[in-house]
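What follows is one structure encoded as structure tokens, with my remarks underneath.
Letters are used for the chains, namely A, B, C and D, taken in the order the chains are written, and counting of residues starts over at 1 for each.
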Amino acid sequence: MTTELEHLAARLREFAQVREWEQFHTPKNLAMALAGEVGELVAEFQWLTAEESRSPGPDALARMRTELGDVTLYLIRLADVLGVDLMAAAEAKLDDNDRRYDADRYRGSARKAPRTT
Amino acid sequence: MTTELEHLAARLREFAQVREWEQFHTPKNLAMALAGEVGELVAEFQWLTAEESRSPGPDALARMRTELGDVTLYLIRLADVLGVDLMAAAEAKLDDNDRRYDADRYRGSARKAPRTT
Amino acid sequence: MTTELEHLAARLREFAQVREWEQFHTPKNLAMALAGEVGELVAEFQWLTAEESRSPGPDALARMRTELGDVTLYLIRLADVLGVDLMAAAEAKLDDNDRRYDADRYRGSARKAPRTT
Amino acid sequence: MTTELEHLAARLREFAQVREWEQFHTPKNLAMALAGEVGELVAEFQWLTAEESRSPGPDALARMRTELGDVTLYLIRLADVLGVDLMAAAEAKLDDNDRRYDADRYRGSARKAPRTT
């Protein structure tokens, strides 16, 4: 992980430890918490047109930023308790996608992403 | 952003550009794609007990790692098109949580997280 | 519940019973399974424009129909194990919304839905 | 659809019409709204143990019921704008599952549900 991700993971570890919340932070529970936060993030976009979503007003953008922060925290925490290196997992997945979606073949074409796992 | 997050954001930007997928990468669409990937991640945990989720077998862990990678990619891409610094947003949110959940008051107590926005 | 919903709830109960899956069908697990299926449903719409989503082609519509079926099954099963009457809960919530969103005040206005709980 | 589902679908149609919200009720937007509500539902269960989720207290159960109502409303509305018969879709999916999961073979075995679409 990067220094900054490691820093956040360590802060989250301590945050849970001093509150004795490690008992609640099973991967299963953290995956649910992540899903809940992503639900809140999606709700910020649900009535916006495509164009509106590209240039949200300052209040909407502030809420989106907060929700993005929440999602990031649970994602880092979940990866940490599972012992997964998030950046390595993402780089590996992007390498896969690079191979899977040939630039010439998929250029400009909206597609249903094939299931990846 | 960290160097490594910036690196991934830049790779994703180029990935979309060479495929002319920027037209599809509205914040609204990317939030949906993120929700779809989180759904796949949650599905990996749905029938596991709390304990099983703490020590998944190698196959399950590999699938979780892949899904975590997918979630991370869409999260970074969404933040990038919105111009949000993901690490700063996460640090700010954790600062908030530190203030909100007094360690003595919340110690060891499972709680329904108060809505944060 | 309606006769038809009751019929499905009873079929699902028997489906779980003959497979001895009741042990897995805790409300917590079923809520996760529901979230996973909704993720698959959302994924069907993620790259479609608003207009395209109004008139999907026959293949896309067939996939949406399948996902809607999955979501409905888990929703009915979850309500059943919790002892919640889904139709009564929905009617009560719609009564609330009728009061909350005054037709004159909210006419034609896209709005961030206020949190309801 | 059943009489009661049809009744709710008709109420929702009128609810949207008198507020001139039909413009916002594209299948895409409704799928997002459904995902947002399912996120709220999942959040009710995230810190509960399996056992606690089987017997929630009266306050938690009331919140779950409200969220189940919300999910049901968006699900019915989404199916209605797509022209999908929700009960027929669910029955068809359950027929599939009946064939797919042989009772003897899958008895008592937690399993990763195979992708269904």
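Criterion: a residue touches a chain if its C-beta (ideal position, glycine included) is under 8 Å from a C-beta of that chain, and two chains touch if they have at least 3 such contacts.
Keep in mind that this is a model prediction, so the values were computed, not measured.
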Interface sides of chain C and chain D: same vs different residues, half threshold: same
Result of counting contacting C-beta pairs for B-C and A-B, higher pair: A-B
Length of the line joining the C-alpha centres of chain B and chain C, rounded to whole Å: 24
Between chain B and chain A, distance of the C-alpha-averaged centres to the nearest whole Å: 1
Residue numbers of chain A (touch at least two other chains): 24, 28-29, 31-33, 35, 38-40, 42-50, 110, 113
Chain A to chain B touching residues, read off their complex: 1-5, 8, 11-12, 15, 18-21, 23-24, 26-29, 31-35, 38-42, 44-45, 48-51, 53-54, 56, 61, 63-73, 75-76, 78-79, 81-82, 84, 86-87, 89-94, 97-98, 101, 103, 106-108, 110, 113, 116-117
Interface residues, chain D side, partner chain A - complex: 24, 29, 32-33, 35-40, 42-43, 45-47, 115
Partner chain D, residues of chain B touching it in the complex: 28, 31-32, 35, 42-44, 46-50, 60, 110-113
